[in-house]
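Presented sequentially are two complexes of chain A, the first with chain B as partner and the second with chain C.
Up next is the complex of A and B:
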């Protein structure tokens, strides 16, 4: 082994607005595996990074929400393709992050890939499932259509650093929202690597923004941010979740409270449509049908 | 001009309604005094006459009502859906039978024209119960999974602008899905909810399934904060909605909020002007503008501004303001002295900030609370009258040149409840409706409501939907 090659380590960086910046604060924190072995230094994001990420997410919202559902589905499917190609990398990272055997980590990564496929197929179906024509008692065509809520802050699950992350981020963007994601504090590396996958999947920059750091430090400014429309508290403990929900009331964010299933990290179960529909608004449009043209000339 | 429209008075008889001198709280199927014996007076806003003295719920009463609702929940939620539905059908039918009486009562207590209570409020109230009655045994097919469960006790707080209709929007879906209810009507309009309690008795509704607690904000706050309430539904101001959202934070209570608005009514240059003017009038002067989804901002394309405003002013001079019981009355009374003061203050602010004020020339009655239909022109987006919800018969007029500018201005608000589009061009309707961030969009019409049609806001106009299949979700554990 005299000629053993020294490996090239990766500098883990944030993923914001389609780019890979370091934290503007210049801070990092040490990420270790469960046995305390050093894995990497991750950016310790600041409030300013969080605000920058919101700006990027807002900027991306119009284009992403306005893209065709078919297009969004193709992009999400492309994420699954890219992830499949990097399967070995993510198996290694998830095994390190969560202390799993290689085979268990592989099962997690496979499930995450399949989750992207599940949501890729949903983008152009959800409107038919939750929207539709309403038979009002009058001469009107009345149609309800789901629309994305806007910019959604996501506090990703603490334990399930990858499958949990994918399970909360994918439905948010499948529905047409853009996301600012706070990665698992103790295991942020799979999330930061996911940024690299997203960047090569035709996902427009800013649709997903990934921050690593202290959940409590980053989540509060996001929960209080006036240009954030919703927040998923999956990875917040009970005290933090309450504090964030109170802050979120200032502009009436839609708040997805942490569920028992989130803390159990049981993201292997079938996801259903709850997360997919949570950050959707319903728009109902009334069109007169009783006359030919608005000027009222009758048939 | 006005002389053409002299009419003889045509008042609806108030003899069809028998208002008792006093009412209690309705808890566990019985009328009862408040624990602390407090009462308040409900006043006719058109005459300032005291209509009745009503028990005022306090915290102890809230607790008693929630306990009654909790006790009733087990049996009510276990009833076959078809049986629950039949109770609701009964209620719908009794409302239809008593709709004349209830319309007169609502007009007396609220101040809105009999024309509206008779032709809008009451038919919609009955229709809402009839609609949700039919859902009670079909919940398995509503798209929320097999056998979706009720939440438990629903605490509901409603406003004074559509007292009985807001009650229907709250109670009908709650009962259809198997929840029990504690409802607090507004302090200025408690009477129709108390008459509804009587309807529940006539329908044989089991005790405790519906409890009605007239009272003030403190009773509402106690209800929302009560630890044994599983679901909170509120319609009212955005400020109170935010308070409620803070109160329920960290609990398991499911929350829906239907809050304020500053709806844009957009008139393009190809719009049929006469129809648009009628729509503008309906949009802002229906119910004296005391409507959360009112079209309180008129966005008119510059090229037709003069034509639209001239026609609008002409039309406003023909509106008849006065006795709400008169069948010819278009504009009734403002609901309370407090609301009148708020409208007056905001209109004064509009003038002070430099917007140009115009009011329809009309004589205001000497007693009661009245405000003449009012327009503000030369309004910019920075003006208070273009930003704040006035909740009165005050229209702010802004202009635009391009569709993009219209959309940008329409969306430039913290609210997102309603919007209107007036144009003959179908593709423009669809394109603009698509870009508006509002929960309800009316194209070439305004202020249309239907029990099958989901209603609710984007942004700070609240969340959740009332009406339609969507309205079930708020009351199911899904």
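Up next is the complex of A and C:
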């Protein structure tokens, strides 16, 4: 007997709180390549999945924001190592998702891994760039230090399913935020696979949560959610972006508007520190030094 | 399943009690009655509790249930670190659980240690929120009866409207049911006008049969409420043990006409859990118990989750812990 082996199809699942649940709704949708060939079924998340993801992200925030910047860098570098190990898989998924040739897809994946390393190196250097000791005219130390904003919802780019995804997720968590990511609706598979990589690379569960489904259905409750502190609208079209920005105004979320720079061509260019510093709050502390009052006491 | 210890010998001379009033006349009739209660089908009980927990409650029913649950909370702080300030803050929260929405119902009571009763009383004065106090050497209950009664009288004198007592689990597990019974009777007497809640600490009773027996001892001894646990041990209120106690109060009323309340306490943290308990109440004891005079939740963090759910229903936006108080 020489029966052809049946291939084992992969069940793509969400990545929430360090676990791989199916959508609470039980729904899935068909993911195809650009020519319409079926690739896999991806979970069609509901707003309740989004709610659960926010709970997971909030729970993870204290630990991740409180970790030393150096430690965060180490963890992110470990993610890059794991990505490198899964290179073949990502090349295949990116080629299918974006209709690229194998060599072009390989270049995209390499660029994404390099970008991840680049952001990993930034974690313990942000404070020097946007913070520091300010010279003031008085007996005070005046120190500015950046702190992460909190839970950030990320609407991942629609077209650039992997390089674009990495370019928006890595800066958010490098700065110490936790993220709820809505993967590209038509090409969610690289994002769901990224969840598997994150789960095996020392990143605490809940720091990144990946949802697949309709951007409009998921982004709106996240934009209105009172426990989300920021939202990156990279993958929202103009109408949706406007709607989300209105919803986000209620609790004064930080909103990163989609800009021309987010179009696909530009994800290959050097990203700069715009995204890295966007979801940071810079806190300034005045600390008395030297003599105070007539007694000359230091205190 | 009967769990009769093998060392137990049937006491001679104990006549089978004919009516419930005869039951506590002697240690042997009480024992005979309690051991004659039907055994609990543990698998069936848990399956029933789990299946009732799958009910979907939405929109207006959910809004009603959330408000009902809030009105049933005994807002509790039972820590060694309790300060007068913390008790006052708790009292303010009980009176106005959500200061941004005055349509939010008040909680049923605040529950504190006896030395904090006067402070709590002052904090909720004029609001209709009751003050419950744990007593009888809570949570272990390991003290002489005289000390326990003094503890109770102290709390009542300070103005407690309700007394939460713990039973002597040691005596219960050793089979000395009469001692447990008499202690409850004595505490009931000492509580005077205050309503008495009897805590069984179900997590320490080991079996469902024991929980059923303890429920009957409590009800026979005159408890106004039977309560699952102190919140101080590993296993607290579960849907199954609460369901069992609800069956007991239902059966007790059917036999005697006396209605007894139920209070699950400890471990109920989410609105979803609270709603499951309300389904249990409605389906087991009936709608007569869907009132804070007859059903309570012993909880603290539950209230915040209920408030967040309430805000979600009111605004359509998910709320967050930044919008409720940190207790």
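The rule is simple: the second predicted complex is superposed on the first by the 286 of 299 C-alpha atoms of A that agree within 3 Å, B and C clash if a C-alpha of one lies under 4 Å from a C-alpha of the other, contacts with A are read in each partner's own complex, and residues count from 1 in each chain.
Criterion: contacts are C-beta pairs under 8 Å (C-beta built on N, C-alpha and C of every residue); 3 or more make two chains touch, one makes a residue touch a chain.
Note that the structure is a prediction, hence the values are computed from the model and not measured.
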item	value
Touching partner for A:9 - first (chain B), second (chain C), both, neither	neither
Chain B versus chain C as contact partner of A:144, first or second or both or neither	first
Winner by number of chain A residues touched, once chain B and chain C are compared	B
First (chain B), second (chain C), both or neither touched by A:282	first
Partner chain(s) touched by A:136 [first = chain B, second = chain C, both, neither]	first
Contacts of A:238 with chain B and chain C, given as first, second, both or neither	first
Contacts of A:250 with chain B and chain C, given as first, second, both or neither	both
Chain B and chain C footprints on chain A, overlapping residues	250
Sites on chain A touched by chain C in the complex	51, 54, 58, 221, 224-228, 250
Complex interface listing, chain C residues touching chain A	311, 316-323
Chain A - residues contacting chain B, complex	129-130, 134-138, 140, 142, 144, 149, 229, 238, 241-242, 245-246, 248-252, 254-255, 257, 274, 281-288, 293-296
Chain B residues touching chain A - in the complex, by the definition given at the top	127, 143, 238, 241-243, 245-246, 249-250, 252, 257, 259, 271-272, 275, 414, 422-424, 429, 433, 436, 438-445, 448, 450, 452-456, 458-460, 462-463, 465, 468, 470, 478
